[in-house]
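One chain, chain A, appears in both complexes that follow, with chain B as partner in the first and chain C in the second.
Right, the complex of A and B next:
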């Protein structure tokens, strides 16, 4: 198994997950983070750390979110590792409220 | 042009929080060195001695620790017990900052009569034993009983129950200590009760740990129907996927199949009142939420109701929280900060969170250290002078290359047995391996 970043991250990108990842398996682009499934050790630390509930273990994803498994795997190979927190994207806090978080 | 004066930081303990604090310090770009002191000749703390042998993926985090150990300015000083071989004050005289990363090694007692009877153990002792910790390798666990009770509903309680529920064949290819595998192979335990005070929604274990009980080869898992009502499995927070999954697993366990020779039974709403027996554990008396009493027969009990940090001489202790007294990572008496003394990980905030939680925690402590370094006055002693004096006091100071030799020897031993490693479980054996 692995953990997977899903759509709630898009436009927020709080990157709290990056701070608590023990193996630096997060990658990042302009819109969100991705988990490298080859490096993730399933510790589960990131899921509760995410302010918008964007991270789930792969087996727990709803059917319409399963495609994020492949998105994470692919984008992790195309984007750089992120090893320290970044400021959230502009509008992240408003989006978080809109998501009911 | 000379750069700013180089600072020296000592980290006490080589578990996750110690390594992540070291990483954050060394990545800061500040001119500093980190000396990591460890009591044993082997690093990784609870990753080696706490994480269950059948959770090998989690142990891969050790490769991250090895990367940190390879950073310029890092030094491992193993085989040295702070508080015994050298004092905290000696360290404070030689280092600009001393960071305690000593974890939470003491098990909290149940505080009920009969706890000292033979057959009554802490989960912490059992875990350290099956993981081959040198201070626990000589413990004896008599598994010649039908029933065992694990008291507590956290992840450690589930580890203990799962190890007891597994057969030797399910554990043989893990890095479990050989002495433990031999005893577990002869286990007569067929019923394991996992008992907690609260209901299903209050259980602290995670869904991920609970899922392991779906995979047991020779044990069925059930929930005792007397303890629960259907409402107990309805999540109060339907938008919390972790809670929803946990309750749905427990609901599934409440309609059990009983076809396998071993049974693991989850009990809810029961508080232990006394452990009873003539000369050894025979029953445990519980009080139910409904105030009714219930005795459960068992030959063995493992209490898993929390841990606390062991006090270190020269460091104020917060007895209420069970950690080194601190304000956000700075050691303090009340609100008065003690200069140059810090704390991280479980010995800062108590035993909670995952391995990665300690990364965030270590980063925060490192930020406090870095913020204070500029104002530190020069120390009267130096690390190298201190280490030279220390060499006369200890058998052997173990370096990281020494550990790498021990590591390689353990892996070679393991390969012969089809295991990832066969741990050395005594300090002399560890020391002998690094010279082999």
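Right, the complex of A and C next:
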């Protein structure tokens, strides 16, 4: 099992998740964060910390979101670890409202 | 829609005792999360508890009393009323007592919930009053507790939060990220500040993968390593002579004893290269502050107690205790001023009690132990022995006895509950109140009730009030309310609770004991060990009294102790079962088996729930080294059989270099019912006790593996 970052992160990238992760398993690119499934200890701390509800455990993902498991796994190998919070992406707050969060 | 947040505490037998925030909407719990304000929880729970509300509302919950209507073990039950259940129990117990005496009744429990009022001792007053057989509960850390008491006393040891100041951290038989995960950020912070992290474990665990140095060790040989470290430290004069002179006893005898435990000897036993043993000893002795965190697994073999004795000598030898973040961490539970006597009520006991060790339940029920009177009534709560106890085959035979009257109080129809005559419905932590110690940090916690009990479930405190009433007990102390028990369960006048009120703990959900801050506290800088001498006892004063189990694990009873002679100096007792000590056995069963905690289960808790079995795998997996697998023609994912003379179970192979050659790993917690052959790993585990505290020897076992 692992937790998985999904589409709500894209364009927001609040990175609150990294402040709670105890094992530095978040990676980042220009648009969003990814969880390294090899390091995730399934603690679940990141899921309620995310302002836009982008993070879920893999077993709870809806069928049309299961592909994010592979995306996280792949992108975690291609992108750097993020260990401190970054400023949200421009427009994040508007997007959060649009997402109804 | 009324939405509230209720602060509680995790009930599980885990060192972390997390502060939990439960969101309640219209009387229903809709989510739980870790409390972001709690300094140890830090907003996180774990894979076991993240979806605790799904445990509470599981359609598998037992919500009403049940009576058996099919053969024992068939799982066929019919709903009955609480009145009928309690009357049946009281009348059966009364006739058992009349015919056989009260010793024919056996309570069986441990820490299915760890709350002070609903946990370890909640049934003790009733069973002490009845004069039932005492259950000696040596499930966990019993060898360590005895060894600790013999060496440095029941001290909380190093504050887990002081680890941020450590520069050399040894996690010894402790998979922190799976079984103590809220301690990790403190270790991580120390690492970032330059600390070196060493993990000693036969398996390259999640934790070992993040260490600076992982030292694989043959199961059950840890004392050889610890004694060789002592040998090197003394030989190379890396000792703290001043600390030894002032605050320890028995140094000369220890030095003489350790002279025989050379790195070469330890290397042969442990499989660790000589140079690595020397390097470990030197680094540990010369890096300040140095700290050791031992896990429970370190005791689970023939010499487990003396292993902890040897490890507990190390910090005194190098004066590690002088520094904040230096010393040893085992169980900070000893910091909590719990009034165990008030909870256990040993004064109610008849002068002579009969004692049964918890690991011998199977042979006790089959009659093999020759008990007179035999066990005729069994009362199980806070425990699932069928899944977790040694000699599983015997237990199955014993529980199937038609003349045995078995009652089980549970959340679910466990492997054990299936054999019950009466099943009673128990509350989960969200449906009850409790006050909690911790054995992994220094915060007293309060668990506020979040929701009303589902169905007809009752807390353990209420269960025992009902049983006491039905048994005709009139002593009013048996009928105290939960609030009264909570109030009386702690010594509020103790300095660590000065300035703290129960109201404070209830409102906030937790409070740090009134102890020095983690940044300032070196508990044994100037000795002050709670031992007979007040010093760290390399040579133990109380060893002369022989082997014992701390009375806390025996309903407060201190009679009929093991009392086997104990060498007052730490020494190496090799495993009962390995290639060096049992070569003939090893030709048939060449692999050592260990059965650590599953990442997703808490003992057998969650072994039946979908989220956790999705993580752990629906069925038991067994890890093998690629060489051992290839030698047997076993490929990853293949069905395999694991067996020895005691029995066999089936599993699926996981092949990984993370496990050292010659060792196989079967994570425990799976239920019989989820195994293809209806057996768990404990069908193979041995009945032998460790040298101290009657701990089990789960990591001291030879098996063979073949394709199924």
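We adopt the following convention: the second predicted complex is superposed on the first by the 101 of 101 C-alpha atoms of A that agree within 3 Å, B and C clash if a C-alpha of one lies under 4 Å from a C-alpha of the other, contacts with A are read in each partner's own complex, and residues count from 1 in each chain.
Here is the rule we go by: a contact is a pair of C-beta atoms (placed from the backbone, for glycine too) under 8 Å apart; a residue touches a chain by one contact, two chains touch by 3 or more.
For clarity, every value in this text was computed on a predicted model and none was experimentally measured.
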Chain B and chain C placed together on chain A: clash or fit? clash
Practice task
Name the contact category of A:22: first (chain B only), second (chain C only), both, or neither.
Solution key: both
Report task. Examine A:56 and indicate which partner it touches, taking first as chain B and second as chain C; both and neither are also allowed. Result -> first
_By the touch definition at the top of the document, which applies to A:74: first (chain B), second (chain C), both, or neither?_
neither
*First (chain B), second (chain C), both or neither: which does A:66 touch?*
neither
After the superposition on A, what does A:45 contact: first (chain B), second (chain C), both or neither?
both
Larger residue footprint on chain A, choosing between chain B and chain C, goes to B
Clash list for chain C against chain B, restricted to 602-610, 620-628 or 638-646, contains only 602-610
Chain A residues where the chain B and chain C footprints coincide 20, 22-24, 41-45, 47-49, 57, 60
Chain A contacts chain B in the complex at 19-24, 41-49, 53, 56-57, 60, 83, 100
Interface with chain A, chain C side, in the complex: residues 31, 33-34, 36, 42-47, 50, 177-178, 181-182, 184-185, 188, 206, 210, 599-600, 610-611, 614-615
Counting only contacts in the complex, chain B reaches chain A at residues 16, 20, 27, 57-58, 60-61, 63-64, 206, 208, 239, 241-242, 245, 353-360, 363
Within their complex, chain A touches chain C through residues 1, 20, 22-24, 41-45, 47-49, 57, 59-60
